[in-house]
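Heads up, there are several structures right after this.
Next, two complexes with subunit A in common: one pairs it with subunit B, the other with subunit C.
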Partner chain A sequence: MSLKAKDYKSGIKPIWCPGCGHYGVLNAITKAMAARELDTHNTAIISGIGCSSRLPAYVSSYGFHGVHGRSLPLATGLKVARPDLEVVAVGGDGDGFSIGGNHFLHACRRNVDIVYIAMDNEVYGMTKGQASPTSPETWLSGKLTPHGTENRPFQPCAIALASGAGFIARGYSGDPNGLAQLIFEGLAFPGFAFIHVLSQCVTFVPEQTAWKQQVHSLDDIPSTAAEAAALIHADDGFSKGILFRSPRPVFPREHASTTADPRQAFAV
Partner chain B sequence: MTRELITNLPLFLAHSLELEQESAERLREFADTMRHHQQGELAALFDELAAFSDLHTQEIAAVCEGIDLPRLNPWEFVWPGTEAPETSGYASLRYEMQPQEALRLMAAQEGAAADFYADVAARSPDPEIVKHAAEFAREEREHEALLLERLATLQASATLAAQPAPDIDPPHQPE
Partner chain C sequence: MTTLTLAISGSGGAGAISTGELLLQLAARNGCYGMLKKTFSPQIRGGESAAILRLGDAPVSTIPAKIDLLIALDWQNFARFADEVPIGDSTLVLQAGPGEPPPGIHSSRLFTIDAAQKAADADSNWVNMFVLGMLARGLDCASETATELLAVRLQKHAQDTTAAARRALLAGYGEALPQPLQARLQALHCAPDAARADRWLASGNQMAALGALEAGVRFVAAYPITPASDLLEWLAQHIEPYGGHLVQAEDELAAINMVIGASFGGVPALTATSGPGMALMSESMGLAVASETAAVVVDVMRGGPSTGIPTKSEQSDLNLALYGLHGDAPHIVLAAQSIADCHFTTAWGVQLATQLQTLVIVLSDQFLGQSLQVFDAPADACPQAVLKRAGDTEPYLRYRDTASGISPIALPGEPGHMYTAEGLEHGENAIPSPRSLDHRTQLDKRQRKLSDFDFGERWAELSGEVEASTLLICMGSVSAAALEARALLADQGQASAVLCLRLLAPLPLATLRELLDAASRLLVIEHNHSAQLWHYLRSLLPQYRFASLALPGPTLIQPRDILAALEPAHVA
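And then the complex of A and B:
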């Protein structure tokens, strides 16, 4: 019997703030899992540290709440060791693009068959509202950056494309059904699927409630990396949909064994 | 109002069932969230409203008996917006929310559901769909009126706090 989305939720209740966008992402993940008819015992959700990284506890599957910024190495190792599992990495913008930024580049480049869902609220919410790598340059409400961040924000989708990700999408937590479809497509994609989610933090960046009016859908999926680059660079950051989809060989690749016993090469 | 015309009864009933089930599930999530944030009165209110959605789900399920409903993915429903019309967005919640805000929000959602059904009734070529949609629209309008009545009673009562509930865990600590 196929499961419904609510069957993929664990009995543990989220402790996110009322109004947090991450509820919508949890909703979308469970809907995508139900639509894909995933086995809960063959699925693992891996996270780092942060508000959004609490998510594995709220899903009825295997999970690992790992070290800050290290969701992607953990997910990569798990998928390479157990290719039969469906592996999803989740986290926030601080976890994924700051302390985990280097891992993000190499996960895109390496192309292991996992889905990475980055819930971007442009703030460190768990530590009460400091600027993150994606905070706008002129955001003045950060406690440690009263004059704004004075830094260009990290561009997750552009960097994913430049680093070789074959599937890049952007969703919005206020549209859980649309996001569920993107996750559904990401799960089906053979290779590293990056899903950037605009997920508002109403507590520390209440102005993000305006995202509902700002997001808009993309009509076409770019068919080449050059088209995707042009789209992403011209984009206002609020387009939702698939920004790029182009499969390429997945890591690790299959190789024919060159010798039955490698020790023979060292025989005296 | 809906993006596409709903052209057959099983498809219409699948939408009706989803509309109520999503509403009940979301209200229970809201109740859990508010309970965690020590807003017991709001949690109880959302639980109560979820129970009403459950009752309506049962009524629709009874209509669906013996009818083979299509299984749709969440993004395949043709709602006027991104979610089912009786479902409040997660961003509607605030941790300092008051019961009157919750009632106003839920009345608006019931109104949106009534509008959805009224639109289906007005546009569908199938008399069976028109019959059910008109009936569901009437029921949703009744629910909206009941919630607005309750809101008016609450606003008139002495129990309504003049000030918002005390903030027991403010997000912005004084520097």
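And then the complex of A and C:
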């Protein structure tokens, strides 16, 4: 008998604030898992540190809540060693694009068959309100950046495309059904699937509740990287949907290898 | 025992190291034991490099300070490593290439040959192979063996390149060494030419890699760093036929986390690095401890701090290995004792990490890692990775507070035992908890699984009788010098014993105290500047009077340094 979305929840009560966008992401993940009919015990959800990185414990599956910024290498090691598992990495914008930024670039390049869901609220929530790499340049409420970030915001989807990701999508936590569909597609995609999720922080950036009016759906999926680049650069950052989808060989690849006792080579 | 030490030096790219490696292979085929220390600068071309070989009719594991023969392919930059290749009063020097010899070499001991011209006469520019031919002839090595080994070494090169190298080699065979050099080579009595499976020629890095593979490591994450890269490169060549994978990571932070991820999946996993890389791994090594995930980190130590002296040996990462983790993070630190022992110690590290679900740091060093040695093939059964699986305990508690401290582990894919591995402090059920009871329980459990574990007999190697003797205490590559010092002391009628520690943390204090109580004096010998091992032992065993001999790299500790440290004036 197939499981329903609620069967994929562990029953542990999330630590998130009321109104946090991450509840919607949790719902979307469990809906997508149900739709993909995943075995809970054959799924592993891997995270770093931050509010969103608490998510693995809330899903009925195996999980790993690691250190700040390193969910992608952790997930990479697990998937390469255990290709039979469905491996999903989750985390926030600070975790993924600042301290873990280098891993993001190289996970896009490497193309291991994992899904990466980055819940972006443009703020460090768990440490109580500092600017993140995606904070707007003029955001004045960051506790370490009283004059605004004076930094250009990081562009996750553009960077993912430039780094070679074969699947790039953007979803919105206020639209869990739409997001579940994107996660479903990401799970089905062979290779690294990046899903950028606008997931509001009602506590430190309450103005993000206006995102509900700002998001809009994309009509078509660009068919080439050049079209995707044009779309992503022209975009207002609120387009929902698949921004790029183009499979390429997945890592690790199969190699023919011969078995020879390595001891023989050491004999004098 | 008869030994001969010869150095082959040249500017980077001149082929001094390959000449030395081939000569050692040839000598080994002729029944000799031997070892080869590589000394080079970090740049690829234009630096300096030397292969220092010691050949003997019995196993040799040290390189003496005194060089019997120096073969200079050229003199460029020779001064930069003159203190590692000291020319003594009896050193014979063969100058095979251009440049002015350093001052102080008496003309009666300096011989020259224009090897470049001689190679050119054979229509070749392989000057080093010409020199190899001369030396191989001097050792009575069969030219067929030499050409065969050369062909294997150059198998990826174009045919005309290989042919030119072979012409130079054979031309060298036609050239006799100057008589005084020839006489020294002849003094070594080698057995007839024969290939033999019971004697190996390998580096410590190769042995560590083989030990990892044979213990069951099937996932390796690799970020290049001198002097650990060749360990990882060997695994890259050999792990796939075993169904394993090696991933080149984007940095050391990724490498250690990939290892933890693979290990969480139940696949024994390892990475290798050196001091700067292990410093970067430090935070996540704490994650391995807290989440109770097996992880093996081999640290091939080099001179530090910072970039330090990347290509030279030192034992100065001991403090980092022992104390470099944040929080209270009990873990295991092992030190390989010799080139051959890199095999056992690394395999044991894999076994302990999986059995005790924790971090194991295996210390090696540049001398062990990159020197080549001829040794008797390991006879020990190789330790194997072990996982204590969850079974049918209900309810399943990943971090159950068991008597041994070891909790049954479930692996992803097993129904009914799902849990989220945690770096946050947690209860037995793996759910994050800041409660003091949970913190205390888990701290105690993680400590107890190491403190109460019986590590057995292999925690150290003891040579000699401790009762009423001087006990030389050391780790890693220093042990070979300590063993030679013991033989020299015995010649002088002084009783001594050598205790080489393999298990540095947790230190088996009760067993260690029995040895220390029996000895008449204690000297701790180590290859670093600040006496890290001495401080460590003093902190755990404050009732003993340890003397210290701590010398930094890049020069190696010599037996005579140990003897000098035992002179009464020093000990006082």
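Rule of thumb we're sticking to: the second predicted complex is superposed on the first by the 257 of 268 C-alpha atoms of A that agree within 3 Å, B and C clash if a C-alpha of one lies under 4 Å from a C-alpha of the other, contacts with A are read in each partner's own complex, and residues count from 1 in each chain.
Definition applied: a contact is a pair of C-beta atoms (placed from the backbone, for glycine too) under 8 Å apart; a residue touches a chain by one contact, two chains touch by 3 or more.
All figures in this text were calculated on a predicted structure; none of them were measured in a lab.
When both complexes are superposed on subunit A, subunit B and subunit C end up sitting side by side without clashing. With both structures placed on the common chain, the touch criterion links A:G21 to subunit B but leaves subunit C unconnected.
More subunit A residues lie in contact with C than with the other chain of the pair subunit B and subunit C. Once chain A of one complex is fitted onto chain A of the other, the partner contacts of A:K128 are limited to subunit B, with no touch recorded for subunit C.
By the touch criterion stated above, A:N42 is placed in contact with subunit C alone, subunit B being left untouched.
Of the two partner chains, neither subunit B nor subunit C is touched by A:I232.
When both complexes are overlaid on chain A, the residue A:A118 reaches neither subunit B nor subunit C. Within the superposed three-chain model, A:P262 lies in touch with subunit C and out of touch with subunit B [touch as defined at top].
Of the two partner chains, subunit B is the only one touched by A:A5; subunit C is not.
In the superposition on chain A, A:G174 makes contact with subunit B only, while subunit C stays out of contact range. Between subunit B and subunit C the least C-alpha distance in the superposed model amounts to 15 Å. Comparing which residues of subunit A touch subunit B with which touch subunit C, the overlap is empty. Every residue of subunit A that touches subunit B in the complex is listed here, in rising order: 5-6, 13-21, 23-24, 27, 31, 35, 128-129, 143, 173-178, 180-181, 184, 200, 202-204, 209, 212.
Subunit A meets subunit C in the complex at residues 12, 39-46, 49, 54, 56-57, 60-67, 69-70, 72-82, 84-85, 102-103, 105-106, 110, 252, 255, 257-260, 262-264, 266-268.
Of all residues in subunit B, only 25, 29-30, 32-37, 73-75, 77, 82-83, 89-95, 97, 171-173, 175 touch subunit A in the complex they form. Every residue of subunit C that touches subunit A in the complex is listed here, in rising order: 25, 28-29, 195-202, 206, 210, 213, 218-219, 221, 238, 240-241, 245, 247, 249-251, 253-255, 257-267, 269, 283-284, 286-287, 291, 374, 377, 412-424, 430-432.
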